[in-house]
């Protein structure tokens, strides 16, 4: 016995398909993400993780061989943006599906704060995010950057247009 | 008749040399700046300008062919950081010269806010900065990003450790 | 010969009336503004100014007799919010007038950054704002706080829900 | 058998006394804190909590009877500032004790971001903070505001001069 109507099942499948398209977009159709080497992965519960293996081209301060602050900002902005959009898709109603594509074109970061906590040393950098303010038009995310040993390198807070 | 003592002349020349070394460092020894294609120039009054010609690898949203928000953040962080350090050098006293090098190793961004105002469309992107809070230990800068037509793309505010 | 249709004239008058109601609201129906002693004034071009005369109850650091950072933040948030809402009213189309009241109930600050530049010393504090990102749903303002002598005490940047 | 030298014991006692003086200062010598009704308490492990019972004078939007955003900012700035200073005291070396008083006069907020998550409804508002970047000169704190039911109303991030 199912508690889900056929309409709900169709809506859920459509939303799942939209989410997959957006994840593919972030992985393959954002050239700067590819250029830096970002690897996007998303768990079933929409938990986004972006990994970036160290390369010398990412160096900011060459005395200390640490990550450029702009790379940190790029990873935090990207993981926050994808998390915000997946949150918006999850909350779509049936009548919001049809104009999602036109809305998607105008989604983007309104503002972002980055707090640099420790030098960006490591072999792999790992960015994660969670939504702290949920809304139909605007979502706010908290982001974190760690290295492969769990050292906490940076915090971010981003405000995103999502509708 | 000169109003400047020989000691002052030596101090000024030393500071000028330090400033030139730091500018060279930002241009040639920060691999990520080179990797993106940033061009650093500094006027006599320490007004820093960073230019970045458009390349497809810098694309964020490939639908609109606009700059990735992380590139904007990278340019703003870099122009603010160099401006803050040059400000710190200008204000060095004679007894601060000797330990400048050890301090320089630990200079860096504490936090930064980026406000994305308009889509990053253009052929050349131009970042500038000014110091809004002056201090021996911490400086705060306001940064701006425009394109070659003068379209204002983003504001930034950065807090930098400089001493 | 008029270039303005009767409908446009009605729309402009309605918008002017809405703006006046909102200004009155900020002056008289926000108890904390009154409690602190904020004086709201708006020029014809929607340039908002908020003045606050010094009182001992506003003191943060009693050693220096300077304004509490929270008073600075309160003034900047208020001047930015009113500026953002007046901007939204100015851009209303005819079909947006009817649901303005319900929207107004949900307008508010999404996030704000305050940069404290100099100690808050003075007899009267003066807050002003300008819109830097214009939108139907979200507006971003830059705010400034000066004292009566023109000393620049703080900058602010606020992101506001306006639609 | 004691692992602590007499000098260490004296240092610890001096630091404890300094901490108590600073807590008293925040509670009794910052007139705006008293004016709003903030109640400061500090646990043994330097965990600061600031409570503020609802009063009508704290109202921002009188339609919804919610806290003015400036009150939220005031509480977050205050709890972050006290947490940052207590952190600085805890890390003082013996030679830093003597000039602490002169340093204390110049401690203050450099910048702060507030993220407004939910309407400020409640009977008692509770602000807490933790240090996320530790340093001799600058400390960065994350702050949170909840109501008496645990509803999370706002996040803050503050950068403080502490040395």
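By letter and in written order, the chains are A, B, C and D; residue numbering begins at 1 in each of them.
Here is the rule we go by: a residue touches a chain if its C-beta (ideal position, glycine included) is under 8 Å from a C-beta of that chain, and two chains touch if they have at least 3 such contacts.
Since the model is a prediction, treat every value here as computed from it, not as a measurement.
Under the contact definition, chain B and chain C share the contacting chains A, D.
Residue numbering at the chain A/chain C interface overlaps substantially, since over half of the positions present are found in both copies.
Centre-to-centre, using mean CA coordinates, chain A is 28 Å away from chain B.
Distance between chain A and chain D, defined via averaged C-alpha coordinates, is recorded as 32 Å.
Each of residues 110-111, 113, 115-116, 133, 140, 157 in chain D touches at least two other chains. Those residues of chain B whose C-beta lies close enough to touch chain D in the complex are 110-111, 113, 133, 137-138, 140, 157, 159, 161, 163. Chain contact summary for the complex, chain C toward chain B: residues 113, 115-118, 132-133, 140, 142, 155, 157. Interface of chain B with chain A (complex): residues 29-33, 35-36, 56-64, 68-71, 73-75, 77-78, 81, 105, 108-116, 119.
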